[in-house]
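Just passing along the structure, written as C-alpha cells.
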Amino acid sequence: MHAPDGFLNAGTAVATGAVSVGTVGMALRQGRHRLSDRQIPLAGMTAAFVFAAQMFNFPVAAGTTGHLLGGALAAILLGPHIGAVVVTVVVVVQALIFADGGITALGYNVINMAIVPAYGGYGLFVLFRRVMPRSSGGVVGATGLAAWASVVLAAMAFSIEWLFGATAPVSFAQVFGAMVGVHLLIGIGEGVLSGLAVAAVLASRPDLVYGARDLDRSEIANRRPAGMRVFAIGAFASALFFAAIVSQFAVDNPDGLERVAEDTGFASSGAEHALGGSIFADYATAGIGNETASLAVAGVAGTLIVLAVGWGVFAAVRDRRSDAMRA
Amino acid sequence: MGIGHAHALYLHGHSRIHRLAPPTKVVAAFIFVVAVAVTPREAIWGFGVDAGALLGIAAVGRIPPRFVAARLPVILPFITFAFLIPFIASGEQVEILGVSVSQEGLWATWNIVAKATLGAMTSIILVATTEVPDILKGMSTLRVPAVFISIAAFMMRYLELVVDELNRMRMAMAARGYDPRWLWQVKPIATSSGALFVRSYERGERVHAAMLSRGFTGTMPTIDDAAPAPNDWAVALALPALGIAVAVAAMVGT
Amino acid sequence: MTARAVEVAGVRYAYPDGKQALNGIDLSVDAGERVAILGPNGAGKTTLALHLNGLYRVTEGSISIGGLTIDDATLREVRRRVGLVFQDANDQLFMPTIREDVAFGPANMGLTAREIEARVAQALASVDAADLIGRVPHHLSGGEKRKAALATVLAMQPDLLVLDEPTSGLDPATRRELIELLTTIDVTQLIVTHDLPLAYDLCPRSVIMDGGRIVAAGPTRELLADAALLARHRLEMPFPPPDATLPPSSGTSPTGEAGDRVDGER
C-alpha cells in the first residue's frame, strides 16, 4: 500500500499531509508522557522490529505470500500513540531512504498504514475485548480480530482518499470494491499473525503487552483460546458487516442502497446534481450511474473509520487517566 | 517491502554532490519532488527535462545510470496497478493494437508512471550521495521534530542487527525442516516474531540504561554541525528551481 | 582521610517481582586498585555492577563513590564518575557514528564543541582506535566495538571503570590486546568476569560472589589456587593452579564461557 508520488491529486496530498502531521505530533507528545526518557530507544528499537517484520513473507496459500502491516499489532503491544509513531517512522524512512512510497504521498500513506491501523485497530481491540473473556486467550482473540479489521479499515481509507483525489477515471465503487474485497482476505493473514505474535509475547513477558495491562497474573496464565464460539461470532458479525457494505455494489436493484442514501441524508433531488461536480474528483464518481449510492457507501465507510480511530484515541486518553489514578 | 541493507544504497565518492551539505540536498530533493508531483501530465517534455536534470546530477555524482536503474523496481507493485487502469477506466475509448482502452486512463497511467519514477530516482540519487545518518539529521531543516528524527536514527542503527536476528531465527527453523506453505502453518513464524519483539524491546531497555549511564536525561544532546555554506544552498537549489520552472511553464502552457 | 573509591555497605536489593538478588554486600575499593568480581551465573555480579552508577537503587544499605553517596540528587555526578562498560558493546554504540557515540557523554556534560572534540580524540587515542572515528558501529568487528565502547565511557574521564565481562566472545589475540589496554588505563577498575585468567593477569585482588553474597575475598592468586573453593562456586581454572613462583600467564588462554552471550559479535 505504498502509494507513489502523483498517485492522488495535490489537494488530497496536502490535506492528508496536514492531518498526518497533526496526528503524529500529538502521538509523539503522548508517547513522551507515557515513556518519558525511554521513548527514543524503545520506539527506535521497536520501529526496527516492525520494519524487519514487514520485510519477511509469511505463507498464505500454495506459494502465495503476504506481508505484515503491523499497525494494530504495534498499537496493542505499545499503546496506540507509540504504535502510530513507530509505524510512521517506518513508512517515512521507507519513502525517503528506500524509495518505497512517494515523498509527496506520505500524507495519505501515513494515514493508511500508520494512523488508521494503529488508532482504529486499537479502538476495535478495546471493543472486541469487551466481548472476550478476561484472559490471555481473550487478548489474543481480540488482537486477531482487530488486526484483521484494521487492514480493511486501511483499505477503506485508501478508497475514500481516491474518491477525493483520484487521478484516473476509475470509479470509487471499483476501487472500494477491489481494495476492500482483497483486504478482507489479506487481513486474515494479518489477524492470524498478529494474534499469534501477541500470544508469544504474553507467554514470556506479559508486562510488555499494553493491551493486557489490566489483567492480573491468574488471568494472564489462562491461555485457553477465547471461546471458539465467541471468536466465531465476532468474526462472523464483522465479516457480515463488511460484506454488507461491499455487496451493495453487486446489487442490481439499487433500492437498498437508495434507502441507505435517503436515511443518511445524502439523497435529495437537488443534492445529486450539486454534489456530482463539486468537491469530489470528477473521476472518482464517474462511471457509476448512481453517484449518490457511492457517496453513501463512502459516507458509511468514512464514518466507520472516524469512529474506530476516534475510539482508539479516546480509549488511549482514558487509559492515561486511569493509569495516573492508579499510580 | 524495503531493503534492510541501507549501506548498499550509498555509493562512496567525493564529487561536488557528495560534498554538498546534507540539509541542502534533503530540502532540494523534497522541493523537487513536490514540483514534479504538481507538473501537469500532458507536459511530457517537462518530465523529460526533469529526468535529464536528475541524470545530470547522477553523472556529476559519478553514479552510474545502471546503479539507479537497478534500484527502481521498488516501485513496481504500484506501477503494475497503474498499467491496469486503461483497461478498467471509463471515458472515451481508443484502439491500441486491437484492444479498446480508455484514453483518459492512458494519461492516468502515464501520470503515475512518470511521477513515481522521477520521485524514486530522486530518492535513489539522494541516498547514493548522502549517508543515511546525514539525511536524517538534514530532515530537521524541514521542521521534522527532533524526537522523530532521533527515533528514526535509532531504528536505522539497529535495523540490520534485528534483520540479522530474524534471519538467524528463520534459518534455525528451516534447519529443523520447517517449510510452511499455508497460513495454518504460520505459528512458528508468528511465535518467533513475538520473541523478536521481546528481544528488541529488551535491547531497547539496555540501550536506555547505557544512555542514562552517559548522562542522558531525556533530550538528545545537540552536537551542532556548522550551517551549510551559502554556496551549497545555491548549487543544491538549482534542481528544484528547474523543477518549479518546468511545472509553472507546463501549467501556463496547458 | 581520602574517601574510598568505592564503598558498598550492607547493600540488599530485590527485584520488583520480589526475587532477592543481593543479600548484604560489603565491599571497599581504593583508588587505583583493580578488583575482579568472580562467581557463577546468577550470583548477582551484574546486578551489583548496575548499582554502582545508580541504574539500580538499593533496597537497603548504601553505596558511595569517592565519598559521594548515591541518591537522587547525586546521580548526575555519580554517572560522570563511574564509567560502566556493558556486556554487549552493541548496547552502548547507539549513535550513527563512533564519533557521535564517544561525544555523547561529554555532550551530556555540557562541554563546549571544542572540548567535546578534544575528549573524543583523546578517548579514542587511549584505546588505540583513532581510526574508528568516522565508522558506523554495525560494521565494526567485535574487538573494535569493545574498544569503541570503552572509549565512549573514557571520554567522560571517570574515576572508576566497571567492566561487565569485557573479554567474553573475543578471540585470543583480541583478548590479549584488551588486557594490555586495561593495564595502561590508569583508572580504578572493577571487573566482573568469568575469565579467571583475566583476573589472574590484571587484578591483584578478587572477590567471589554467589547467591547475592560475597563468599570469599582476598589476593587473586590465593583464591585461584584454592580449587575446592572454586569448585564450590562452579568456577574452574583452565590450567593447574598457579603457585607464587610462576610469572603471570602469557600467550593464549581460553576465553570466557561460550554460550552465555545472546548473539555473536555482529
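In order of appearance the chains are A, B and C, and numbering begins at 1 in each one.
Definition applied: a residue touches a chain if its C-beta (ideal position, glycine included) is under 8 Å from a C-beta of that chain, and two chains touch if they have at least 3 such contacts.
Bear in mind that the values here come from a model prediction, so they are computed numbers and not experimental data.
A.B. asks: Which chain has the mean of its C-alpha atoms lying nearest to the mean of all protein C-alpha atoms shown?
C.D. replies: B
A.B. asks: Consider the two chain pairs B-C and A-B; indicate the one with the greater count of contacting C-beta pairs.
C.D. replies: More contacting C-beta pairs are found at A-B.
A.B. asks: Just how far, in Å, is the C-alpha centre of subunit C from the one of subunit A?
C.D. replies: Chain centres of subunit A and subunit C, defined by C-alpha means, are spaced 47 Å apart.
A.B. asks: Find the geometric centre of each of subunit A and subunit B from their Cα atoms only, then give the gap between the two centres in Å, rounded to an integer.
C.D. replies: 23
A.B. asks: So how far apart, in whole Å, are subunit B and subunit C when each is placed at the average of its C-alpha atoms?
C.D. replies: Between these chains, centre-to-centre, one finds 42 Å.
A.B. asks: Among all residues of subunit A, which ones touch two or more of the remaining chains?
C.D. replies: 41
A.B. asks: Hunt down the residues of subunit C that sit against at least two other chains at once, touch-wise.
C.D. replies: 94
A.B. asks: Where does subunit B touch two or more other chains at once, residue-wise?
C.D. replies: Subunit B, residues with two or more chain partners: 132, 153-154, 156-158, 161, 203, 207, 211-212, 216-217.
A.B. asks: So in the complex, which bits of subunit B are touching subunit C?
C.D. replies: Contacts found on subunit B: 7, 132-133, 136, 153-154, 156-158, 160-161, 164-165, 168, 199, 203, 206-207, 209-217, 221-224.
A.B. asks: Where on subunit C does subunit B make contact in their complex?
C.D. replies: Those residues of subunit C that touch subunit B are 50, 53, 55, 76, 79-80, 82-84, 86, 88, 90-92, 94-97, 100, 103-105, 107-109, 113, 116, 136-139, 152-153, 156, 262-263, 266.
A.B. asks: Give every residue of subunit A touching subunit B within the complex, in rising order.
C.D. replies: 2-7, 10, 13, 24-25, 28, 32, 36-49, 51-56, 58-63, 67-68, 77, 85-86, 88-90, 92-100, 102-104, 167-171, 174, 188-189, 192-193, 195-201, 203-205, 208, 283, 286-287
A.B. asks: If we count contacts the way the header does, which residues on subunit B are in touch with subunit A in the complex?
C.D. replies: 1-4, 6, 9, 29-30, 33-34, 36-38, 71-72, 74-75, 77-79, 85, 88-91, 102, 104-105, 108-109, 111-112, 114-116, 118-120, 122-124, 127, 132, 135, 139, 145, 147-148, 150-159, 161-163, 166, 170, 180-183, 185-187, 189-198, 200-205, 207-208, 211-212, 216-218, 220
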